[in-house]
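These notes open a run of structures that come right after.
Shared between the two complexes below is chain A, which pairs with chain B and chain C, respectively.
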Partner chain A sequence: MSGDLRSYIIRRLLMVIPVLFGVSILIFSVVQLFNPIERAALFIRSEREAANVEGIIRKYGLDQPIHIQYFTWLSEVLRGNLGWSKVVSKPVLDALVTFLPATAELTLYAAPITILLGIYLGKKAAVHKDKAIDHATRTLAIIGWSMPTFWLAIMLLAIFYGYFGGLFPPDRLSVEASIYVQSGKFIRYTGINTIDALLNGQLWIFVDALRHLVLPTLTLVVVQVALLMRVMRSSMLEALGQGYVVAARAKGLDLKTVIDKHAGRNAMIPVATLSGLLVSGMLSGVVITETVFNYKGVGWWFVRAASQLDIPSVLGFSIFAAVLFVITNLVVDLLYAYIDPRIRLT
Partner chain B sequence: MVMPYLSSRKFEPRLREIRFTVKRLRSSPLSLAGITIIAAFAIIAVLAPVLAPPADPSRPFNIPRDGFSSEPRPPSREHIFGTTEGQYDIYYGVIWGSRTAFVIGIVVVGASLLLGISAGSISGYYGGRIDNIIMRITDIVFAFPGLILAVAFAVALGRSMESVMLAITLVSWPTYARILRGDILQVKQETYVEASKTLGGSDYWIITRHILPNAIYPLFIVATLDIGSIVLLAAALSFLGIGVPLGYADWGQLINLARNWVVGPPHDPLKYWYTWAIPGAFILLFVLGWNLLGDAFRDILDPKIRRR
Partner chain C sequence: MSKRRGIGRVTLALAIVLVLVIAGFSYALFSFSQQAPSPTIVQTQTIVTTISQIPTTIVQTVTTPQITTMVQTVVTTPGPQVKNPNTLVIATIGDVESLDPAWAYDTASAEAIFNVYEPLIFFKIDPSLPAEKRGLTGEFEPRLATEWVWDDPRTVRFKIRENVVFHCGDTLTPEDVEYSFERAMVQDRDGGPVWLLLEPLLGVSSTRDDEGNIAVSFDDIDKAVEVDGQWVVFHLAHEFPPTAFLQIIAQSWGSIVSKEWAIEQGDWPGTAETWQQYNNPETPPLQNKMCGTGPFKLESWEPGVQYVLVRNDNYWRPPAKLERVIVKVVDEWTTRKFMLLSGDADMVVVPRQFVPELEGTACEGLTSTCPTGIRFVKDLPSLSVDAFFFTLDISTDSEYIGSGQLDGNGIPPNFFEDPDLRKAFAYAFDYETYIKDAWLGEAIRPCSPIVQGLAFFDPQAKCYTFNLDLAREHFQKAWNGQVWEKGFQLVLLYNTGNVARQTAAEIIKKNVESINPKFKIEVRNVDWPVFLRSMIQRKLPIFFIGWLADYPDPHNFYQPFFHSSGTFAQWQGYSNPQVDELIETAAKSTDPAERQRIYRQLDSIYYEEAISIPIDQPSGRHYERDWVQGWHYNPIYPGTYFYTIWKGY
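Up next, the complex of A and B:
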């Protein structure tokens, strides 16, 4: 590892600290909008404690000056105490751990499909600029981009669940499958249904889980792919206009090689920066998608919490989303610096 | 002394560029479609009191109810788009919902611009420590996925039209601050800024007379075109049940009311289609109008591909 790469990594890691500190202050400020009793819920860890709100207010000093409250709250958060989620009657951290595999499963399918499809279509549109395929993909992109996620999800549900008689149902599993999954015969390795089903050798559960995944995955892909396609198209157009592309063609290289090897690879660089946006889009997307399809992941839990004013869950999930997003951006930047030496020096 | 060829309108570069932009816009069918859609919605919003006269003119945004039973009723002479759950009139809801959409879009864009321009011009012009502080604040907002932070704010602020607009403003101003800051950093290097400084121009004078006029137009365009996505975000909040109060004329709210009626009884699965199809089509068309216009603008204003 060269010296400037090491110093870049250190600088970039240090930048994370003020951002996370700021995130904690922002969340804490939101907390201040509530009265002490509602805030007390942030510290409750069990049903027994919930009965003694006055005690909680005194114990965690919710009647203390604001900066002392902040550090009390922060030290609890850092120890993993995010409060009590009343919508699922368990601590917020446990709720996150419970619901995360379902969301991970959904994005495990949606993200790769979105990325591959977006890059493929964007490239095609750029190479055939102003031809039929370009207009078709661009029109689809604009419609996808303008489509309210929740409306698309509702229409898919009405058509593929309602009209086609239960072809692709909502929820995560059918009743029979979920009874079997919760019985002792089925070992939960990962919490991700399709993977666990294969590991247990239960093909019917795999198929059942997959049928439930089709519509939420499709919704996420349609909404996300538009952005990726658009960026890939303009990035590819720019790459195709570069001198090295003209030079490669002039030397007599065939079009396919030039498009794939020369222009295509360089056009990928701006697209890679979208990974952060993609994670953010997926997180926002699952919130709506899981709600419409009653798919019990973190997004579903977040919306239930928000509509029933379960503040600790709302803030807990917001912190989780911010940390995840900050880490993704960190990883993207570091990979970037590794690939492209120019970035380390700025 | 003013040199005659410089003051001549014909050669004024900014004007020439605007003319070129308008020409390109007029020759692009997609942008024309966008403008037509937006104009149609504007007409609906302005004529709302005529198209759907409110029973109580002091509270026009409350959708009238025809009874209280939960099952929606199909389009009829009395309710041309039918009624949704709780017997709210869908036609009234979508017509006044157009006005809600414009109010949200314009207020949020205006407020975000105000915040973004103040923060961005201070940040870009003064640089140094104040710039660092403002940019770190924007970093904090950018650390959250937009929808999630907006939900958190909206929950904290309570269920009302004002809190929806405030929540979205708090999420969207940093983008404008960043854009303006970047543009100012470029303009700041220009000789005319240096000249004004040498002549003793105050900071306020330089920012408002020299820097902003030369950096702000792209920002105005970007912000205006954001109305579509802002309305989309507001609709999402209302759909999730944390936006406007129950019964307020809003497209997202109407779809929220339709959630129990997506799939009808087995023999007629699309029985309640009007409850979700009509309000959804309004949202899609509205956002599509802005995005069509925005897409045309993006190609035209991008200096790298502008004249290709």
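Up next, the complex of A and C:
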């Protein structure tokens, strides 16, 4: 790695610090719009717990001035304590570690399929512009994009779990598999079931986990592939209209080489940007899919925290999301340079 | 270059191959997964059941349990169609908040706790009764105490069972019992359940004053529970209805923990010097770990996801029939429904609005099998009540009272001080339609906070009925006719997602507006935090709220509803010294006849005052796969008691 590139990466990573400050101050400021009693509602799950709301406000310092609340939180963060996630009754860092593997597993399967399928279909549609395949893929894209995720997920569940007698079930593992995984015989390396199953040499758990992944992955792919395909198509069309493509064809290069090597590569830049956003978006949670398929990941956790004004959880998640976006953007920028060597990262 | 037409042959072929591959892959996956190792099916199990018979008199001087033992052979022959025959899977919506018995005050947590920990005594289970009536609320059977004796109305002693071993290996001693109750009082978190122990034992509802400063001494706590040989003695701060005290300590907050183990986990060391450090903690040391004596042990808890209990094979009674219980949190109803239909879940929570979706799918009654494999029982009585409450002293800065004056565009803050107005609203509510619409007819109409199922319930208690003529009369009399003449405008709030409260608000709006065109009511929904804040800050002219029994005694209902220091009465700004005195006297009386007389009097005042109007006492439903056996119901249980359950036909 050249010295320039190394310093570029370090500079980009350092950017995360002001981003985190900005995010945390913004969240703290927004939260102050809520009355202390409203924030105390997080600790009051039923009427009978509401008898001593003043005590709860006092105990958690909800009526303290914003700067005191902020610096109290910050001093704890600097000591490695991100706070307590009330909505899942565990430390924020533990919550993140607990729920991230599920989301990561979903992303691991859904993202590559979405990206590869999107690129393939987009390229096909562009090359066969205004032909049947173009119309078909565009129609599919519109259907996929406009289909409400919630409805699609429920339908898939009804068909492949309800109608086909439990073919592709919700949740992350079946009862037998989860009992085995909980037992001392199974070592948790990553929290990602399919990987851990292979590392433990338990093929049946791998298959079981895969069965549970089919529907959430399919849901994500159907919904997300549309956008990627549309971008790839328009980007490819633009590239195909460029002079160098005509020149390449005039020189006698075969169509496949021109499409893949010349036009395709140039069309990849916007797709790479979008793919980066897609991966970081998936990693930071796909709430509806996670909820319908009972695939509890970080998205499910965050929405639960946000809706109940669980500030430490919201802040913890935001820190995670900010770091994730900075890193993903960095990877995308590095990819730019790979895709198009004319781009210099300085 | 040849011109392409339509989808190329290669693409078409590829598409067909792709479809075939997906289909084949799906089939392979499904078939392969069927070969996964499955748990061993228990064919025959011999169970020794101990049946205890406890005298049922309310005031007991000496209680000598007569223990009879019978050997009952239960042949569990689960056919191949029983999924996970030794594991009970429940798909629920409630999320465990804490596993610490002194901290937990929600039903989901209490369900886990009362299957792992045990109290001294437990609500009697009468196997001769149908499953839905088998759990009794006013009679008890021994658990970690073998017998109990009331020395006098303020002193009760429990003989502690011997040879009981905690899950973590310690042997139960009377010191563990003393420590468990003292530890709970030492902890006493804000908004927690320990006030239930503090009231009878220390005569206070909190260990802290209004400013949050410690208001009791360690001596008070120490002397309340004492060890006397194999016995543990409870000294009550004042006379307290004996059954009510036993009802309190028979629940999750009366669970016995191992002293040695708790101290090892960083909990209160049992000394006077440091007790204040352990008062009102942010998180309790026993938050996510358990060491009880119960029929199940905690295997794992993933907050928000599930908890798993495994059978305690060293249980002091015969071990449970189930090997394992998995309680999963599944937020989405459709997912829970398919889990039940496929047999992946044995029991699921079915919210009222989704009951029609299972019509025709589930068979009624728990005694037989069902072609669909799913059965249910309905009309399970609850010990809860919903009501609407009038705020007598509405905050002047409330955004829900329009102009804040009686000018037709709002209401004055003391609008509901006039009893005629409260009665007018009570008569304008269509109770029957509400129960039919909001509860699908599965609720009863209570007349007072003493709901059906509680002691001293009066089936003859006076009730407001839906009568628009009487409503009109009271509206015409209210505020010397000014309300009728000028009209009013107010906002009714309900918390988003609460269908019953929304229905109630809309019924009030429709009926009240139909009486006089000058009456205007706007129904608005807000999130729970805003609803709660508005209610506590007395901003709501009328609020809807419910109450679930902590223990099945009328005091637990009349106190929040009617006493000036009660939760709801405070939010309403209601105070009546005569009522306060009656409630306090009834709470301390050990004479059932006197209590009955006082509660009848309170019912009468409650009706006349019309300070709040009870609108429903819902009854519940229970859904299960027909291979589940042994489930029983008790309205005071926080959930399912797993010990009596097994799977098979």
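Miscellaneous remarks
Keep in mind that, in the parts below, the second predicted complex is superposed on the first by the 250 of 346 C-alpha atoms of A that agree within 3 Å, B and C clash if a C-alpha of one lies under 4 Å from a C-alpha of the other, contacts with A are read in each partner's own complex, and residues count from 1 in each chain.
Operating definition for what follows: a contact is a pair of C-beta atoms (placed from the backbone, for glycine too) under 8 Å apart; a residue touches a chain by one contact, two chains touch by 3 or more.
Model, not experiment: these values are computed from the prediction.
Looking at the superposed arrangement, the partner reaching more residues of chain A, out of chain B and chain C, is C.
In the superposed model, A:Ile133 makes contact with chain C only, not with chain B. After overlaying the two complexes on the shared chain, residue contacts for A:Phe293 are found with chain C alone; chain B is out of touch.
Once the two complexes are overlaid on the shared chain, A:Ser318 sits against chain B while remaining clear of chain C.
By the touch criterion defined above, A:Leu309 reaches both chain B and chain C. In the superposition on chain A, A:Ser178 makes contact with chain C only, not with chain B.
In the overlay built on the shared chain, the residue A:Val326 is in contact with chain B alone; chain C does not reach it. By the touch criterion stated above, A:Leu74 is placed in contact with neither chain B nor chain C.
In the superposition on chain A, contact is made by A:Leu157 with both chain B and chain C.
Once chain A of one complex is fitted onto chain A of the other, the partner contacts of A:Phe34 extend to both chain B and chain C. In the superposition on chain A, the residues of chain A touched by chain B in one structure and by chain C in the other are 34, 154, 157-158, 161-162, 165, 291-292, 307, 309. Residues 1, 4-8, 11, 26, 29-30, 32-33, 35-39, 83-84, 87, 89, 95-98, 105-106, 190-192, 195, 206, 208, 210, 212, 280, 282-283, 287-288, 299-300, 302-305, 308, 324, 326, 328, 330-332, 334-335, 338-339, 341-344, 527-530, 532-533, 536-537, 545-548, 550, 560, 567 of chain C are the ones touching chain A in the complex.
Within the complex, the chain A residues that touch chain C are 34-35, 37-39, 41-56, 58-60, 84, 87-90, 95, 98, 124, 128, 131-133, 136, 154, 157-158, 161-162, 165-171, 174-180, 182, 204, 207-208, 210-211, 214, 255, 291-294, 296, 300-301, 304, 307-309. For chain B in complex with chain A, the residues that touch the partner chain are 30, 136-137, 139-141, 143-149, 151-157, 228, 232, 235-236, 239-242, 252, 255, 258-259, 262-264, 266, 269-270, 273, 276-277, 280, 283-284, 287-288, 290-292, 295, 302, 304-305, 308. On chain A, the positions that touch chain B within their shared complex are 18-20, 22-23, 25-27, 30, 33-34, 138, 142-143, 145-151, 154-155, 157-158, 161-163, 165, 234, 237-238, 241, 279-281, 283-284, 287-288, 291-292, 302-303, 306-307, 309, 311, 314-315, 317-318, 321-322, 325-326.
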